[in-house]
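Structures follow.
One chain, chain A, appears in both complexes that follow, with chain B as partner in the first and chain C in the second.
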Partner chain A sequence: MEKISEHQFTMVCAAVLLGTTFIPVGQTSVQVAGRDAYMSVVLVYGLAIPWGLMILAITRNHPGQNLLEVTAALLGKWPGKFLALLYTGAVGYLGILLLARVGDTFRRSILPLVPTTVIIGGMILLVLMLAWSGVENFARFAESVFPLVVFGLLFTMVFSIPRFEPDEYLPILENGVMPVIWGVAKLASYPMEFILFMAGAITFVPREDEGRLKKGLWRASVFVAFIQGALTFTEVMVFGPEEAMRLNYGLLALGKMVEISRTVSGIESLFLLIWMGAEIIKICALFLAAFWGIRHLSGWNKNLWLYLGLALLFMAVAVPRPGGTALALQILRFDEWTVLPLAGCWIPLLFLLNVWKRRRRRT
Partner chain B sequence: MKRRLLLVLALILTLSLGGCWGKVEVDQLGFVLAIGIDPGRSPGTYDVTYQMGLPKASQGGGGSNLDNMTLTVQARSMRESVQKVYNIASRRPFVGTVKVIVLGEDLAKEGVNRIIDFFQRYYEFRRTVFLVLAQGKASDLLDVQTQHEKMPALSLQGFMQEAGSTSTFPVTRLGHYLTVLGSGIEAPVIPVANPLKSGQEGVRYQAKTPGQAEEVHVGGAGVLNGDKLVSILTEEETRGYMWLQNEVKHRSITAELPGHNGQYFASARIITTHTAFRLEPDVNGGYSLHYTITGKWDLDEFYGPQKRLTPSEWLTTTAPVVNKAFTQVIQQECEAALRKSRELKLDFLGIGRIIEEQNPAYWKEIRNHWQATLPDFPVTVHIRIAPENAGSSFAPPTNPPGTGQD
Partner chain C sequence: MRSLFSMLKDLTVRPKERRTRATPPLPAEEDWSKPLSAQKVRSLLNKSSDIIFREFTLRGKEEVTCLLVYVDGLTDKYIIDHYLLKILMVDFNGEPQLSRVTADNALDTVFKFLAPASEAKKIKELGEALDSILGGDAVLFFGEYPQAMVIGVRNWPNRGVWEPETEAVVRGPREGFTETLRTNTTLLRRKIKHPAFRLISLKIGELTRTDVVVAYIETLAKPDVVSEVLKRLSRIKVDGVLESAYIEEMIEDYPYSPFPQIAYTERPDVLAADLLEGKVGIIVDGTPIALTVPVVLAQFLQVSEDYYERAMIVILIRFIRYLGVAVALLAPSIYIAVTTFHQEILPSNLALSIAAGREGVPFSALSEAMMMTLALEILMEAGLRLPKPIGQTIGIVGALVLGDAAVKASLVSPLMVIIIGLTAISGYAIPSYDLGIAVRLIRLPMMILAGTMGFFGLGLGVYALLIHLLSLRSFGYPYMSPLAPLRLRALLQDTFVRTPRWGLKHRPHLLDADTDRKKPGGKR
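After this line comes the complex of A and B, so read on.
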């Protein structure tokens, strides 16, 4: 059985939690929370902590089992299968939608003439290679690429400072705290995407020192919350709330605005290459999660044909997807109506059931 | 099995070795540096002027090697105009290099958002592109053959990039225009440029073709109501706008000294300045806005009584008089801008936005009738500037009495 270290666990948590949510986070949050959107963003990533801790608590007494297996053990075979089916569908389809978005973002920015099939085909090939090389290599990849992704984001933010419109963040909380709370509700699906991955990946995590795992989870969540909050703040400061809401991909517009002195501009292609690393991590995480779901449902073990078939399925469904606003809306709706209810309800219910069963056993 | 699979994969990948997908060579591109738009001669059309830099073979010695290609096409939409240019110039117009968008005066009066839509939607454009309003036609401005054979697009870009050194006109980038427009409170302001003939505005030069404008001048600013041009600010009003927007970085300032019938005056450079604003409760239960402009100046020129001054005389008698004169000039500029805003009933100074920032509850009360409230909304301007340096000498050149100039 493959295992990853505690440090790798922290990096994987941060990388998958950040994932590609930095692309829509500004627009989605500003729609609800206006110019205070950065507060919602900072708060929402905190949700990864209680949900992550619940997963650690549930699996503590089920060593070597992921949450699908624990569900089957606690609820019975058929409810377990049903949940595994939901899980596989959710992570698989989300992975497909994110893959489609890769094609969309590249085509509308730096590769407008390249057919979507080529972009998505190249991407799925990288995902397939990474997934096939195993979770340990996936963790190493995250360990080395995640700092670059963060660097790319920080670079964009820092070089956007000259484009700040004065005082766009003011007034603070002009409509009270409710828009911030609604913003948290609107974005709650983002950490839940990571939680679904963690539910499957927990078997690869060493459980000898749980304190370090908890610390890693905290660190990853706080770090991602800070980065995403700063990014949303930057978008509000540069575009103002109205414009931040109207832009399809605010981050791409920010990247295009970066000018260093008068000679270096138009370096969004560099950013896109860096952000591609984040996309590989996120899609690979969902690809692996989909495989774990299939394995639980069918009992099939890891084999190349299964991986190839899954990759072809991802590609075949992703290529004909419409891009732009239609795709962004589809991802948002899928997140809100599938990912959020699934992870939001499944894990607390399982946690409560686990606690209740343990207490019952004791008495 | 794995080897066969890898072999098949490698064979498939060799197909991609033919070169870059959809590549376009540099000499197939026309690098668009400026786009000017005017209303077309036929109804529902636009005259779109493209100023392109066409790369030519290097002659050695560095410097830019660009041929100027400027052409105007009539089209119903911006996309159609790009297509027409492609058909005429046999080069693909690449608009990712656009530095300036010039809006003709008549077009601006009709409304600019329909045209702006293309620039904010099409992925090749950047939101950092400068917007300029042409006094007259945009095509006339871009057709100017400047003295130093520079393309007007590059001249305009230079003006905008160096605007901080004079701070006499605003700089409006596409992104800023869209943000201001989206706020719904502030009226957008765009700098104005015009072709300058020899003899106009006190400027003379040796024109290659007599009677032709061969220079470009930037000064003043157009104020838009929504997306329609409603007024062009005078240079004094524009300078006042710059002070009240806290956009002055460096400025030269010339003022007559009071009590000498315009005989004596002084010129200085503003070296540091800052405009602060504060919303304060009024006695009537309302609020008033107070601007405070602080700054320091370096004296560059002084035409006053030609007498020897001691350092203490300069500090105690002359410097305060000069300071007062500069203060008056700034005060007049600010008052002119405020007067214009009240006259137009248009908040191009962003007063409403300041109220929203500093007292959102009060803003909610007045925002629905802000346009009617604006002319009577109390605003004061306090100027607190001080001399930093009198230059290399604190006194004018003098000669002993009776030996020349007395």
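After this line comes the complex of A and C, so read on.
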């Protein structure tokens, strides 16, 4: 059985939590919370902490089992199978949508003449390679690429500072606190994407020192909240709320505006190279989660044919997806109507059931 | 299809039994462990003209016919003549010790009283006798007595201890390993005078019976690594081992990876430093190249001089080396991607300047770069095998004359010549030849990816390379350590930078030989 270290757990948490949400987070949050969107963004990633702690608490008494197996143990075989089916469908389809977005992002920004099939094919090949090499290797990949992604984001933000328009910042909370709260509700599906991955990946985490795991989860959430908040703030400060709301890929627009000493300009293509790493991590996380779901449902073990079949399925469904706003809306709706309710209800339900059963056993 | 998958599996699964090669049993092998007999040795070896069989008689209580067998050229004849034959045949003739000698006690008497050799032992098996004779020792048989005596008289012409040409240093020891195993172990022993320093001998090769020594410091090396090394070595079944590379290919974890997973050195100080870090050395007779395991990628970008120079200078030099790897690997690909797909990344003036240089060039940037890279590879290969003065001429003719002519004929752009030249020079900044070759090999697919898909293709190549590197292990240890899995102290102490010597308080974390340097061998 593969195992990852506590440090790798922290890095995987941060990398999957950040995932590719830095691309739509600005637009989505500003649509609801306006110029105060950064506050919603900072708050929403805090949701990963209670949900993550619940997963740790549930699996504490079920060593070596992921949440799908725990569900089957607590709710019975068929409800367990039904939830596993939902889980597999949710993570799998989300992975497919994100894969389609990679093709769309590259085709719209820097490779207009390269067919989407080639871009998606290349991407799924990397995901397959990483997933096949195992969770331990996935954790190492996250460990080495995540700092680069963060560096790319910080770089974009720092080089955007000269374009800040201070007037865009004020007035703070011009429409009261409610837009910020609605913003949190709107974005709540982002940490839930990570929670679904964690539900499957928990078996690979060492449980000897749970304190370090909790600390790692807490640190990852705060760090990602800070980065995403700063990014949203930058988009608002540079474009203003109206323009930020309109831009599908606001971050790419920021990258286009960066120029370094008349040597390199419009470095969105360079940043895309770095963000590609984040996309690999997120899609691979969902790919692995889909595989864990299939394994739970069918009992099939890891084999290359299954991985190849899953990769082909991802690619076959992702290629004909529409791009642009239609795709962004599709992802948003799928997140809101499937990912959020699934992770939002399933894990608290299991947690409560677990607590109740334990108390009943004690009495 | 099935074979393709089994090959793919081979790439990722660590080899176990597949390293062994079925060698047909040799004619004499079946007799190898049989009881010793002078007659049998004579029948096995008498067809070789360099084997000397010297018969003589010991005149004791009984007359015992002795047979001395050795290989001409591998032994010191002076010692044999003056300190063995003269004593047995002339000096002790008529002496009381010899007067007691019978066929049954001849061996014991000679061993105890009459053979003034520090290196002598009794043997019982035929294999031992053959190994000793063919290894350069003399073996003395006493009639048909089933035991014999080995006398260490090895001496053959060998190269002196010179400075290795491939690992020259400005500051540091000048001695290098030689082709003689014992000289090499002596050089190591001179540097590590601790009882925990171990040398384990093996013989590998059905026909060559090459002596191989596994060296490690018992208190520092991980027992599982040592046993894994011995296990993998003992599994090797080949006809011959003529160089340590034979062994390297047999014991490395991923034979299809272009990256070296075992380090090698010609310098005793480098091997000693590796042993002091808890690694295991493999020294092979007949070659000055010693192997070290386990290794990490960062080790291939370090040289012994890093530890002999001041820390601040080393930080700069290491940065240059890492930059060299990046340029050697990616410079042509980035140029191709930028000029073919991403001109928007360049400010207008620079873009116009590049376009002016490419004016009149009939090839795409990818074809241009491929041609230039292949020409460079041919030049490097041609220059490598030639005598030094001719090699330099080839370099000058290739680089200056051909390059200049190609630019003037508008076959390539001047910037491309600069990029390829820079790439070649950067490649020489990589201290490890093996790593340099791997980088050269990977450069070509990177260029194709960049030429067909721009930065996206380049990203595909870089991330695929990263995934591959992260999945590699050397004797169970992650190849990309201390970067992934992250070992922060090792990373900050002695990877990209090197802290001053007084700051190197702990042994490298990457091998988990996490012991305090102040207490030799003691756990922290």
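Going forward, the second predicted complex is superposed on the first by the 361 of 363 C-alpha atoms of A that agree within 3 Å, B and C clash if a C-alpha of one lies under 4 Å from a C-alpha of the other, contacts with A are read in each partner's own complex, and residues count from 1 in each chain.
Definition applied: contacts are C-beta pairs under 8 Å (C-beta built on N, C-alpha and C of every residue); 3 or more make two chains touch, one makes a residue touch a chain.
All figures in this text were calculated on a predicted structure; none of them were measured in a lab.
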On the A-aligned overlay, A:E165 touches which partner chain: chain B = first, chain C = second, or both, or neither?
first
Applying the document's definition of touch, where does A:V118 land relative to chain B and chain C: first, second, both, or neither?
both
Return first, second, both or neither, reflecting whether A:L304 touches chain B, chain C, both chains, or no partner chain.
both
Just chain B (first), just chain C (second), both, or neither: which does A:E143 touch?
second
Chain C versus chain B, contacts on chain A by residue
C
When the two structures are overlaid on chain A, which partner does A:E208 contact: first (chain B), second (chain C), both, or neither?
neither
Touched partner set for A:G240, first chain B, second chain C, both or neither
first
Determine where on chain A the residues touched by chain B overlap those touched by chain C, and list them.
111, 114, 118, 259, 262, 265-266, 304
Chain B to chain A touching residues, read off their complex:
2, 5, 16, 21-22, 96, 123, 126-128, 161, 175-176, 178-179, 182-184, 246, 356-358, 360
Residues of chain C defined as touching chain A within the complex:
5, 8-9, 12, 341-342, 344-347, 349-350, 453-460, 462-464, 466-468, 470-471, 478, 480, 483-486
Give the list of chain A residues in touch with chain B in this complex.
108-109, 111-115, 118, 163, 165-168, 170-171, 174, 238-243, 246, 253, 256-257, 259, 262, 265-266, 304
Would you tell me which residues of chain A are touching chain C in their complex?
5, 7-8, 11, 106, 110-111, 114, 118-119, 122-123, 125-126, 129-130, 132-134, 137, 139-141, 143-145, 259, 262-267, 269-270, 272-273, 276-277, 280, 304
